[in-house]
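Below you'll find a set of structures to go through.
Here come two complexes built around subunit A, the first alongside subunit B, the second alongside subunit C.
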Partner chain A sequence: MTRHIIRRLLQAIPTLIGVTLLSYMIMSFAPGGPLSFLGIANPQETSADVVADLEQKFGLSDPWYIQYGRWLIGTDIIFRLPQSETAATQDDAATTTRSTARTSNSVQGCSVLATERQGILRGDFGCSFKWRRPVVDLIAERLPATMELGIATLFVALFLGVPIGLFAAVTRGSLFDNFTRVFAVVGNAVPSFWMGLMLLLLFAFTLDILPSGGRCERMRVRLEDGSSGGCADVVPIYNRLEYLILPVFVLSLSGIAGYSRYMRTSMLDTINSDYVRTARAKGLTSRSVWLNHAARNALIPLATFLGPALVGVIGGAAITETIFSWPGLGRLIVEAVTNRDYPVIMASVIISALLTVIAYIISDVLYALFDPRIRF
Partner chain B sequence: MKRFTHFLMVGALLTLVMALVGPAAAQDAEPNTGGVVIEGNIGSDPSSFNPLIGNDTTSSDIYGKMYPDIIAINPETLRSEPMQLGGLAESWEYDESGTVLTLYLRQDLVWSDGTPITADDWIWAADAVRSGETSSPRTSAFTTLADGTQAGGFVDSYEKIDDFTIEFVLGQPIFDDEGNVTEITPNCTAIDSIADVAVVPSHLYDAAFGMDYAAMDSDPFFVPTATFGPFTDPFFEAGVQVSMLGAPEYSDAVLGYVSPSEYVQLIVPDTTVEYERFLAGELTFIGVSADRQNDFRELAAEEGYQVFESPQNGYTYVGWNVADPANPQPGLDENGQLIDQGIHPVFGDVLVRQAMAYAIDTTSMIGTRPDGDTPASGILEGNGYQAVTHNSGEGVTFVDPGLDPYPFDQEKALEMLAEAGWSDQDGDGQLECNDCLYAREVDPDYNGTPMSFSLTTNAGNDVRERVGQTIREQLGQIGITVEYEAIDFGALVDLLLSQTHDAIIIGWSLGLPFDPDGRWAFSAESDIPGAGFAFTSYNNEELNDLWQEATTVPGCDPEARVELYQQAMQILYEDQPYLWLVINNVMAAAQPNVENWDPLPAANLWNMDAWRVLED
Partner chain C sequence: MASDATIAKLEMEELDQHVQSRSHWQRAMYQLSHDYLTLLALGVVVLLTLLAIFAPQISTYVTGYRFDEENLSRTFSPPSYEHALGTDEQGRDHLTRLIWGGQVSLGIAFFASILSLTIGVTLGLFTGYYGGIVDDVMMWFITTLNSIPSLFLLLIISSVLGPSPVNLILVLGFLGWTGTMRLVRGETFTLREREFIVAARAMGASNARIMASHILPNIISIVIITLAIDIGVLILVESGLSFLGFGIPSFIPSWGNMLTNAQAYFQRAPHLVVMPGLLITITVLCLYVIGDGLRDAFDPTVND
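Take a look at the complex of A and B:
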């Protein structure tokens, strides 16, 4: 198994390089660019000279393959520039001086100038053109909210969807079975933005029993180090579960519907198999047959879904995050695409590609766990 | 005795009331007791708190509340004026040449750490921007950068005379062949370029960055420990909010002190949710979109919401490409001479463009508001105004061109099109070129070609999308085929700048102070494929002369300038490089419990530091 995982990880390296190369090329050829909106938003004050100057400073006037090279290995290597030995010392001194002149709430930004790029292979994911912040910081600060929402959604979807599917299978043709079928159709058919808005209107704005959005109550508190913090910095998740209810319901609806139908089918296949009939013939109770023999085997195909589902947890859900003002990764990535923020788009491509590889490895592992006959 | 007892009782009661109310009233007048002002932000997180390098609206909404302007805008006249709150300028004067401006600064202003605000504070900022070492887009304020590169602006040089006096040389630059400025001629709008560069506390910026201006790019969220604005100390929670605290020591507030304790930009990415959260009382104020204005007007009357309406500072239009889209060329060559750009097969003829103005019913697009049982009509449901030419809405512009919109008259349009050589000769209901301008001047084989063109706008803008559909239908009625498409905004900008389009529906948001000079949109010098915003390639020598004359009027006499701009607007009206469509109705609303809410056209938030959000 270990050897299999290592082999799959090694195979992922050329895959990742291919994916990033292709993505960068497509992105560069797509209409619009990071500075497209600068001039059009303020045409009277933004001359063509200024836009051209900024394109050069951002490195956007270079051919796409040079830009890709810069993103991959850094400006100094691409253009064979000497690295200043004293630069780091000077930077440290400047940072110390600057800290005495700045407020404690100042956020860490970064330079969008192309000359500053070190390349992703040296750990520099780049600086967002749109937000002027390190891409790693942008992702890291959105990740907790995304994980909260994603894990809660997956948990609810699995722990409701699987038992519903199993029960629907063993009560095939019953009222419950028919109800779950209708529920599955509705759950998959209703658009999440519509469902989200309707639920908000009912529970937040009309009945006023659930919050209208966000991950936590809006607040500004003084932290121990003297800086300011928001609600999520000081209120633990178990004290703000009400903020999760509506978005998790909306997101898990299709999951519950999907898992329940899949489990129902899988369980029916299993119930009709020879070994189940044998178990019944041996006089085992129905409950024992279903839970101890059929259900475990019916779960095996579900492993195929679990890997990608875990990727979905990290990937975020842009529409639901937008409706519920949830500060997650999905919204960040959509905004990055809209604004042609290449460094953020590329980081999301890398993460998605990496997670997809990991997801399929997880699926393999789960297969082996659920079915001892499977060996790699 | 009874009267005396009565008098005593009234006196005691008054004393009691005074004792109870007096301290409360006194407390109300103290800084930062006016509650929290919360604004919804459907956009995005800010990208910088540094006014020298920031370039997006969210960021400028934040840093604009922490730094003064060297010359501020009077919110009532919307023009740059001396002695304005939040502005350093006390007065200014030009020399006889009209290109040397001496600016006198107020001497009563200090940063929050007590350091006086002086000429050095603007000059440090100007030096940083002009260095060209940063990613600041404000380099366009200057004629040239420090290394001599042309920057396209009007400020040629500046010099500190004393702590409170700066002398500028500014105006229209004339360059020699090597790109050096040889002469500066007067330009009445040049003074506004000075205010493009913010004023920063130079003692703190210098301590932080010294002469290493590029270091500002590495620290775009730098906030100095001293500021001068109604709010300060921004706290930024990604994807959630930006919170600023009321600045207790800010001396230029409308009331003399800053009333709110906190100003918050709460990120609410969905407009429907933002509207509902306002109705639920979670947001202090909101801009109501056109599609909700009629409902909200009714609701406001019932619920007591405060409402203010004014025309938008900008307009929506169709831009016709008048040059050959198959071979986009710049308006001028390297020597400043006009280049032959060819003509567009359809819109190269002014008669056709005028006919379009008659053929398209803009009034029906604006529509009417509901009236009793009569429902609203039109795309804007009555919440808009007819745009006639390159000008802002009433209350924002100081130029009244006095022009009536082209009436909707498709018969007249067909007559004009026939005169221009477009008619339905074969009876198939489709207009064809029959000795049209393009066939006469460019390609005789073009005769017989059906009249059709592509019309593009950006997807996601409901009003523009519906305007596009309406134009397609209305022109279809008179035999013109419109291939209409709504595409991604970035792709639309690319198409527009490439000048390979036929017609584009888009809008301009015009800045403040309002500047009627339209050279950036209607002149050969701004007609640069891939970069310039004169993307229609329309050029008119007489108009250029008027633009030039209006900005070089001796003494910048306002009345003389208005007259020239009226003539310029008349030419644009006749030549129709754009089909001017609508000026939106802007509706701002505030909760009933907000005191001192006093919006003005294009300056809705001018007195936010005086607002008091009363507790329910």
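Take a look at the complex of A and C:
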């Protein structure tokens, strides 16, 4: 088991390297090139001297793999390697900027033009163009909101989807079975943002019984500086459940549809297996057979669903969070793409990929734990 | 029980002598022609497609408005005789825009899924057939691509390229092929070991010939099923992107970006919210039903 986990962790490394390469490529192909990454919107309008100076300062004329490596593991390790001829001048430039960078880093904000970077492997994702704050801080503020939404969604989807699927399998061909089948297909076909809009129209504006968005009462005020507002520490979650209802419903709809269908198939498979027939034959009640014998085994494959489900929630949250003004990672990335805030975009991509990979590994391990037949 | 089964088997054999034999395709067509739900869904999709294709003619002769014809004295008017579904914030006819929006949404989803299917089937065939290092590299690439939430990638790349229908087709097509590729790869893996492939190779058929005329025909039914479902999924994705403002530029109506505008004004004009979403739902629903029906028709072993 431990060996399997270690192997899965090792397998994740090439994937994560691929993700960093991909997001680095996106930055390089961004309109304006890497200079736009330094906060210069129109390189053509900037004087050639300034551009040359910046290119020299940040080593932009180096081959791409050197720049990539520098971005990955930091300027203090890779910066000097390629420049053997100009080493002396580079050193001077580096020392002067190093001191300025340090002073600007000591404050809460950060400098987009800091030449010294720790590298993303050490958690330095740079500075947000828009908010002038370290990207890591921004993400750390937004991530709990997304996790809150994601976990609530997963909870609702599982607790509704699984029983629906089980019951549909047990009463195969009944009105309930057919109704949930239709519901599942429709649930997958409805665009989530339209669903969200219709629900807002009904519950927030027409009936006026649910809030029209946000995570808690005082959130909007705090969002001005790009932070998510301290809802979680100020208002306990049971006091702001009404803010969760609509987004969680919209996000969990496809989950309910998916799980119920999947559970139904899985349950039908187990119901038709020999040991269930034996249990029936020895005179156990239907309820006992279904719940104690069949359902437990039918639940096992669901473990493999958890990883992809979490990814779906993180990805799908971008739209739902936008509709319901939920201050999470998804909305952060939509805002970052709108503002061309590349450090935030790259960091969100890498961190969501990291979460995804971890989620896949966890669901893999859970599967092995739940099913004793699986040996590694 | 046993005797029942034998009797049933005998009956089947007797029946077989009277029933004329059908090819795989004939059998599938026969099954489809008796699947009324699928036929209904097909009818709806064909109708919507025709409306989309003839959108210019319809807007000239039937509704009588251009999709960008503004009338600032009649903004947010509710459904009336002049405007069957009302007007939007710039006084444009909602029905006309819906029909044009169908052209954009259906067209983009159709061409993007053709593109992604072409890429997915070609790569799936190659990696499944050759295996080895080609397969390892492809699988690494796919795992990498799949570990980033696809909406994020779509958002980023379409914002880098800028909003336009052609860019959107390219982005959706070039990012959406991984599922198809995996499916085709798996099928090719199993087909590659079958006797008829070995026989073809023994007769001196080249790799290209084996892939094109022996493996491809065997996976074409999967491809058709995937196409139907893919178009549905891509309509949802396209409308989601356009809704966020990264898909279709807002002066071209699409079902997705019509909802963006509707969200801004939906307290004043709730009628603008309902129709675009309803059309998306109906179209996607019908495409899913068609996909299911095709699966039933082509794959008799799958029973729900």
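Here, the second predicted complex is superposed on the first by the 275 of 376 C-alpha atoms of A that agree within 3 Å, B and C clash if a C-alpha of one lies under 4 Å from a C-alpha of the other, contacts with A are read in each partner's own complex, and residues count from 1 in each chain.
Here is the rule we use: a residue touches a chain if its C-beta (ideal position, glycine included) is under 8 Å from a C-beta of that chain, and two chains touch if they have at least 3 such contacts.
Since the structure is predicted, the reported quantities are computational estimates derived from the model, not experimental observations.
Engineer: Does the superposition put A:L201 against subunit B (first), subunit C (second), both, or neither?
Structural biologist: After superposing on A, A:L201 lies in contact with both subunit B and subunit C.
Engineer: Tell me which partner A:V185 touches in the superposition: subunit B (first), subunit C (second), both or neither.
Structural biologist: After superposition on chain A, A:V185 lies in contact with subunit C alone.
Engineer: Under the stated touch criterion, which partner chain does A:E335 make contact with: subunit B (first), subunit C (second), both, or neither?
Structural biologist: first
Engineer: In the overlay, answer first, second, both or neither for which of subunit B and subunit C A:R142 touches.
Structural biologist: Only subunit B is touched by A:R142; subunit C is not.
Engineer: So in the superposed three-chain picture, is A:D53 touching just subunit B, just subunit C, both, or none of them (first/second/both/neither)?
Structural biologist: first
Engineer: Tell me which partner A:G258 touches in the superposition: subunit B (first), subunit C (second), both or neither.
Structural biologist: Touch status of A:G258: no partner.
Engineer: In the overlaid three-chain picture, which partner chain does A:V357 touch, first (subunit B) or second (subunit C), both, or neither?
Structural biologist: A:V357 contacts subunit C only, not subunit B.
Engineer: Contacts for A:T322 in the overlay, against subunit B (first) and subunit C (second): which applies, first, second, both or neither?
Structural biologist: both
Engineer: Which chain makes contact with more of the residues of subunit A, subunit B or else subunit C?
Structural biologist: B
Engineer: With both complexes superposed on chain A, which partner does A:G126 reach: first (subunit B), second (subunit C), both or neither?
Structural biologist: Once the two structures are laid over each other on A, A:G126 reaches no partner at all.
Engineer: Hey, what residues of subunit A end up touching subunit B and subunit C alike?
Structural biologist: 30-31, 197, 200-201, 205, 322-323, 338, 340
Engineer: Which residues, counting only subunit C, touch subunit A once they are in their complex?
Structural biologist: Listed in rising order, the residues are 140-141, 143-145, 147-153, 155-157, 159-160, 232, 236, 239-240, 243-246, 256, 259, 262-263, 266-267, 270, 273-274, 276-277, 280-281, 284-285, 288-289, 292, 304.
Engineer: Which subunit B residues qualify as touching subunit A in the complex?
Structural biologist: 38, 44-49, 55, 57, 132, 135, 137-140, 149-153, 196, 204-205, 207-210, 212, 214-215, 217-225, 233-241, 243, 262, 264, 266-270, 272-273, 276-277, 279-280, 282, 487-491, 493-496, 508-511, 515, 520-521, 526, 528, 531-533
Engineer: Okay, in this complex, where on subunit A does subunit B touch?
Structural biologist: 30-33, 36-54, 57-58, 94, 97-98, 100-103, 105-113, 116, 128, 130-133, 138, 141-142, 145, 197, 200-201, 204-205, 208, 212-215, 218, 220, 227-230, 232, 321-323, 325-328, 331-332, 335, 338-340
Engineer: Subunit C touches which residues of subunit A in the complex?
Structural biologist: Subunit A residues touching subunit C: 14-15, 18-19, 22, 26, 29-31, 185-186, 188-195, 197-198, 200-201, 205, 265, 311, 314-316, 318-319, 322-323, 333-334, 337-338, 340, 345, 348-349, 352-353, 356-357, 360.
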